[in-house]
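Each of the next two complexes has subunit A plus one other chain: subunit B in the first, subunit C in the second.
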Partner chain A sequence: MIEHLGPQLFNGIVLGAFYAIVALGLSLIMNLTGTINMAHGSFMTLAGYLAYSMVLRHVPFGWALILAPLFAVVVGVVVERTLVRPLYKREPFYSLLMTFGLSLMAEEAFRLIWGPNGVPFSPPASLAGAASLGFMQFPTFRIFIVGVLVIAIAALAMFLTRTRFGLRLRAAVQDSEMIAALGTNTQLLYAVNFSLGIFLAGIAGVLAAGMLGLSPTSGNALLMPAFVTVIIGGMGSLFGSIVGGLLVGIAISMTTLFIPAASEVAMYVLMAIVLLVRPRGLFGEEGIFG
Partner chain B sequence: MSRPRLSRRSFVTLAGAGSAAAVFGIPAYIPRIGEAADSIKIGLLEPYTGVYAGPAENETHGFEMAADAWNKRGGIMGRKIELVKEDEQNDAGVAAQKARKLINQDKVAALVGTVSSGVSLSVAGVAATTGTLFMDSGGHSDDVTGKSCHWNVFRTCHSTWMETHATGYALQKRFGKKWFFITPDYAYGHSLEAGFKDVLAHNGGSVVGNELTPLGTTDFSSYLTKIDAAKPDLVLVFVQGDDYTNCLKQMNQFGLLKKYPVGGPQVELEPLFGLPPEARGGYWGIEWYYKSEKTLGKNNKVAQQFVADTLKRTGGKPPTARNAFGYITLDRLAQAMNDAKSVDPVKVARAIENVHFTSIFAGSAYYRKEDHQLMWPMWVAKIRPNGTPGDKYDLFDVTDINAAEAVEQTIAQKQAVCKLGYPS
Partner chain C sequence: MTARKELLISAAVVVLFAFGPWLSPLLHLDVSIVSEVLVTAIAVMSVNLLLGYTGLPAFGNAAYFGLGAYGAALSVTYGHVHFIEAVLIGMVAALLGGLILGPFLLRRRGIYFGLLSIAFGQVFYFIAYRYTDVTGGEDGMQIARPYAGLPSAHVTVTDLGFYYTALVIFVIALFAFRTIVRSPFGRTLIAIRQNEPRVRYLGLNTDRFIFVALLISATMAGLSGALFGLLINFAYPLELDWHQSGYFVLSMILGGAGTVWGSLVGAFIYVIGKDIISTITQWWQIFLGALFVVCVLGFPRGILGTLQALRRRAAQQFADDDAHV
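On to the complex of A and B.
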C-alpha cells in the first residue's frame, strides 16, 4: 500500500489540475454574470472534436491545442451574445435551463456530425511514451498536461491581476453598476469573460480527449466534479477553484488506493464535510453572491 | 445595471439538479413511424441517447433490415411488420414507462431491443406482468435467462456465463493462471467476475487483483498503478463502452499494454473504432463478426447478403454484433408468428422454443426451451490493431469457436434457478 502512496498522490494532482481548470472557467462566468453554464462540458467536447478533425487533416497537435479552443470561443461568443445575454437580468435558473438545453442539443449535434461512437484521438508520438519520475513510470502526456495547465492558470492570474482589463473584470465582479457608471463597456467585459471561460474549457477538452476518450457524452462526464470543485473551493474565489480541484483529485485517488469502490463517492463526502464546517466553501467570500 | 443575485444554497440546488440531469439524461421522444391499418406492430426499445447510442443505432439497423426483408416477402400472414421505436435512454425507469406506453397505447404485439442488462431486466419485468412477449436483443446479464427468466422473455445475445467461459478457457491456455481483474462495480461486472472465478476453480489459478471501478470512471490511473505490483500473467478488462475506451487508452499510456497480455469476456467493434491503434490489442470474446468464415460459415449466402446490404445501407460501415442481434431477433420473432399463425404470446413463445434454424452465422442454433437463451456459438478473436490492407475496420482475427453447450450452464443448472411459469 505505502509504496503506492507517491504515485497515487501524483495521479491525484494531475486529475485535480484538470478539474481545477474546468472549475476556473465555470467560476469566471458565474462570478461575473451569475450564469451557471451547464453547456460548459459541451464546449469541452466541441474543442476535443475540433482538435480531432484538425489532427486528422494533419494540423500539428500543438496548433490544434490552441486553435480548437479558439474556434470553441467563436461559438461561445455567438452563444453569449445571442442566447445568454438576454437572460443576464433574469433569475439564474433561466440561463441554467437555457444552457442545459443547449448541452442536450450539442450532444445530438456531435452525434450527427461525428457519429454516435467514440472516435480515436491520441497525443502525438513525441508525447505518447512513459517517462521515469524516479519513483514511478508516468505517461509523458500527463506530465505535459500538468505543464499546460500550470501555464494556463499562471497566464490567467497574470491577466486578471496585471492588466487594466483584468482589473476592470475584477471590479465588475464586485459592482458592475458602478463600473458601468464609470464608463466601462460592461457588455464587452461580459463577452471577454465568457470567452476566457470557454477557452479554458476548450484547452481542458482537447487534453481530455487525448488522455481519455472522445465521444458525444465525454465532456459532460467531467462537469459534475467541476461543480463539486467550485462548491468546495468556494463560490466567488478563483483561487478556491484551484485548491478545490486539487483536493477533489487527491481525494479520489487516495480513496481508490484504500477503498476502490468508493472512489466516486469520495468527492461528495468531501463536499458534504466542507459545507457542514464552512458553508461558504474554503475560500468563498461571504456575501459576494448576496 | 443590477442583476439577480445567486445564493450558495440555490447554486448547490440548481447545479446539482442540472448536472444530475446532464449525466442521467432527460426524456427525449422519437416520433412514431407511419401508421398502417392492418400491420403487426413491434415495439423497439433502444438507448438512442446516452453512452450506448452507437450500439442502439446498429441494433436498429438489424431490426429494420429484418423487417424490410419480411415485408418484401409479403409480411407475416400477409400483414406488414411495423416497428414502433422508443428511446429508453439507458434508464431502467424510463424503459419500463416506455414499455408500458408501447403496450397500452400502441398495442404492440411484442417488445424487442435494449442494450444494457439493467434495462433488459426492467423491460422483462413489465413484459411479465402484462403477458407481452419480449425478446432481449442485447442485454447480457445471466439473470435474464436465469433467476429472472419468464415464459415470455427470450434472449439473443450471449449470457455473461457464455462469455466468461468461452474466453476463460481460451485465455488460460495461452497466458497462465494469475489473473488481474478490472471490474465495473455493478451487477454485470460482478457476474463476469463470478464466471471467471468459476473457470479458475475448474482449472486451478488465482486472482491476484480485482479492482472495482464505478460505472462512468474517467480516470483509471489510480487502478492501473496497482497492476505492476501484482505482476499478473494476464489482465482481464470487464468494463464496457466509454469506460473501456478510457481504460485501454490509459493502460497504453502507462506502458502496461506492452508489459502484460490483456483480454476480456467480450469486446465490441463500436468502442474499438474509438480507440487509437496503439491502444488496441489482446484476446477477447466476440459475439459475431462480419468477415470470417469461422463466424459466418462457409458460403453462407444469407450472411454474405446481410453484410453486403448493411454496407450499402450505412455507406461502408460494416455490421457489428449489434446489427446481428437486431436482425436475428426480429427474424426469429417474425418466423415464429408466421409458424404459429398468430400473435398470441403463448403460441408465439412455443413456436420459438427449441426450433433449430440457420441464419447469418456459422452452424445452426435454437432458443433453448428451458431458459429461452439463444444457443449459438461464442467466438474468441485476437485484435489486429490496424485492420487488414484495404479494410481499416477488419480488426478481429478469429481464433477460437466454442459450441454454446460447452460454455453455457447445463439445463439442470438452469432449472435450479429458472422457472418459466407458463400460464396454465
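On to the complex of A and C.
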C-alpha cells in the first residue's frame, strides 16, 4: 500500500488542480457579482464536448484546447448579458436558482446532441504514454494537465496583478459603485470577469474530459468539490481556492487509497474541520460575504 | 385580508381537496399525484420558513427531506413499525440532521449559508449512496406498506386512505406554519430577514432564532420526506440530492415567497406540471430548467406574491403583514 502512496499523492494533486481551477472561476464570478454560478459545470461539459467534436473532425488537440473554451466563453457572454445581468441587483439566490435552471437545460441539451451516454475522448498519441520522473512513472497526459493548469493559474495571477484591467477588476470587487463613479465601465468588467471564469472552466472541461471521461453530467460532478474548495479556501480569496483545491484533491486521493468507502465524504469532513477552526475558511477575509 | 375572508377561502380550499379523489379523474390525474402535491407542499413550507420569511437561502432542505424518507424506510424495513411511528421516526431523523448541521450553518448568512447548506447536505446523499448493505445504495430501497390501525388487524394504508391521511397532516402542518409565522417568533424571523443587525441591537440573539427556525424547517422537511417515501413506497439517494432542494426552492418562488398559501400553490404547479410534461415529452428537464429561468427573471414574486402586490396597489395600503423576498 505504501508503494502506491507516491502515485496516489500525485493523482491527488492533479485532481486538486482541477478543483482549484474550477473553484477559481467560481470565485471570480462570486466575488465580483455575488453570483453562484450553478451552470459552471455545464460550461465545462460544453467545452469538453466541443473539443470532442473538433478532434473528431481532425482539429489538433492543442487547437481544440484553446478553441473549445473560447466558444464556451462566447456562449457564456451571451448568457451573462441576457440572463444573469438583470439579476445583479436582486438577492443572490435568484441568480443561483436561474443558473441551476440553465444547468438542467444544458444537461438535457447535451443528451439530445451528443447522446445520453459518455463518449470516448482520449488524449492525443503524443501525450498518451508514461513519463519517468526519476523515482516513478506517471502518465504523460496527467503531467501535461498539471502543466497547463499551472500556466493558466499563473496567467490569471499576472492578469489580475500586473495589468490595469486586472487592477480595476480587483478594485471593483472592493467597491464597484466607487469604480463606476470614477469612470470605469463596470458592465464591461462584469462581462470580462464572467468570461475569464468560463474560460478557466472551459480549459478544465477539455482536460477533464480526457482524464475523467465525458458525459452530460461529467462537469457537474466537479461542481460540488469546487464548492467545497471555495468554502475551505475561504470565500473571497483566490489564493484560498488554489490551496483548498489541492487539499481537497489530496484528501480524496488519500482516502481512496486507505478507506475507499469514505472517499466522497472525506472532503466534507475536511470542510467541517476547517470551518470549526476557521469559520471563514483558511484564507477568507473579514467582512466578505458575512 | 380580513380574518373572516381568510377563513372562508381556507375552508373552501380544504373542502375542494376533500373531494380530491373525485375531482382528480376529471383532470386525468391519479389520486396519488394529488397526495404528492400535499406532501411536497409541506417540504416547500419548510423552505419558505427559512428563505421566504427568514431570508436564508435554504438550498439544503433535501437533506432533511431525504433523512425523513430514509428514517421511515429503515424503520419500516428493519423495525416493522406502525405507519404513524414511521412518520415520527422520519421527523426525528431530520431533526437530528438539523441539530448536527445547524451549528455549522449558523455561522454564516447570505449566499455563504446557501453554499454551506448545499455542501453539507450532500454528505447524507453520499452516505445513502455508499452504505449499500443498509440503504440499497444507488438503487434505493423498497418500503413495504406499514400497517395502520391496530397491530393485530394487519390493515395497510390504501391509496385513498393515504390521501386523506396526507390531507389531515397537511392541514395541521399549514395551521402550525401559519401560527408560527404570525407569532412574535415569526415576526422576529421576518425582522431578521429585513435587517438582522437591528434585531441584534434590540438585544435578541438572532443565532438562536435562526437555529430554532432551522430545526422547525428540518422537522417539516422530514415529515414531508417520510410521507413521500411511504407514498411511493420507495427511498432513493436522489431524494437527498441538492437538485431536490432546488426544486423545493423553485416551487416556493412559483407560489410566492413569504406567503402562507404560496407553498401549496407552488407545489401544485410543480408536481402537476412535471407530471403532465413528462407524459408529453421525455425531454421534460429542458422545460423544467426553462421554468426556473422564466420564473426567476419574469415572475420573482410568484403567483400569490404578485396577487398580493396587485391587491395592495388597488387598496392603496402599504402595510401588509406578509413578507416578500
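The rule is short, and it goes like this: the second predicted complex is superposed on the first by the 289 of 290 C-alpha atoms of A that agree within 3 Å, B and C clash if a C-alpha of one lies under 4 Å from a C-alpha of the other, contacts with A are read in each partner's own complex, and residues count from 1 in each chain.
Methods note: a residue touches a chain if its C-beta (ideal position, glycine included) is under 8 Å from a C-beta of that chain, and two chains touch if they have at least 3 such contacts.
Note that the structure is a prediction, hence the values are computed from the model and not measured.
Overlay on subunit A: subunit B and subunit C clash in the combined arrangement. Of the two partner chains placed by the overlay, subunit B and subunit C both lie in contact with A:235. Legend: residue contacts after superposition of the two complexes on their common chain; A:116 is shown touching subunit B, with no touch to subunit C. Applying the stated contact rule after C-alpha superposition, one finds that A:183 touches neither subunit B nor subunit C. Contacts of A:137 after superposition: subunit B is touched, whereas subunit C is not reached.
Subunit A is touched at more residues by one of its partners, and among subunit B and subunit C that partner is B.
In the superposition on chain A, A:104 makes contact with both subunit B and subunit C.
Look at A:34: by the touch rule set out above, it reaches both subunit B and subunit C. By the touch criterion defined above, A:211 lies against subunit B but remains apart from subunit C after alignment on the C-alpha atoms of chain A.
By the touch criterion stated above, A:86 is placed in contact with subunit C alone, subunit B being left untouched.
In the superposition on chain A, A:272 makes contact with subunit C only, while subunit B stays out of contact range. It is stretch 272-280 of subunit C, out of 92-100, 164-172, 272-280 or 308-316, that runs into subunit B when the two complexes are superposed. Applying the stated touch rule to the two superposed structures, the overlap between the subunit B and subunit C interfaces on subunit A comprises residues 30, 34, 36, 90-93, 96, 100, 103-104, 107-108, 224, 227, 230-231, 235, 261, 264, 275, 279, 289-290. Every residue of subunit A that touches subunit C in the complex is listed here, in rising order: 30, 34, 36, 83, 86-87, 90-98, 100-109, 112, 224, 227-228, 230-231, 235, 261-262, 264-265, 268, 271-272, 275, 279, 289-290.
Put simply, subunit B touches subunit A in their complex at residues 1-8, 10-12, 14-16, 18-23, 26, 49-51, 53-54, 56-57, 185, 211-214, 216-219, 221-223, 225-226, 229, 242, 245-246, 249-250, 253-255, 270-271, 273-279.
Taken together, the subunit C residues at the contact with subunit A in this complex read 51, 55, 57, 59, 104, 107-112, 114-116, 118-120, 122-123, 126-127, 129-130, 242, 246, 249-250, 253, 283, 285-286, 288-293, 296-297, 300, 325. Of all the residues in subunit A, the ones that touch subunit B in their complex are 3-4, 7-8, 11-12, 14-15, 30, 33-34, 36, 38, 41, 88-93, 96, 100, 103-104, 107-108, 111, 115-122, 128-130, 136-139, 141-142, 176-177, 180, 186, 211-218, 220-224, 227, 230-231, 235, 252-253, 256-257, 260-261, 263-264, 275, 279-281, 284, 289-290.
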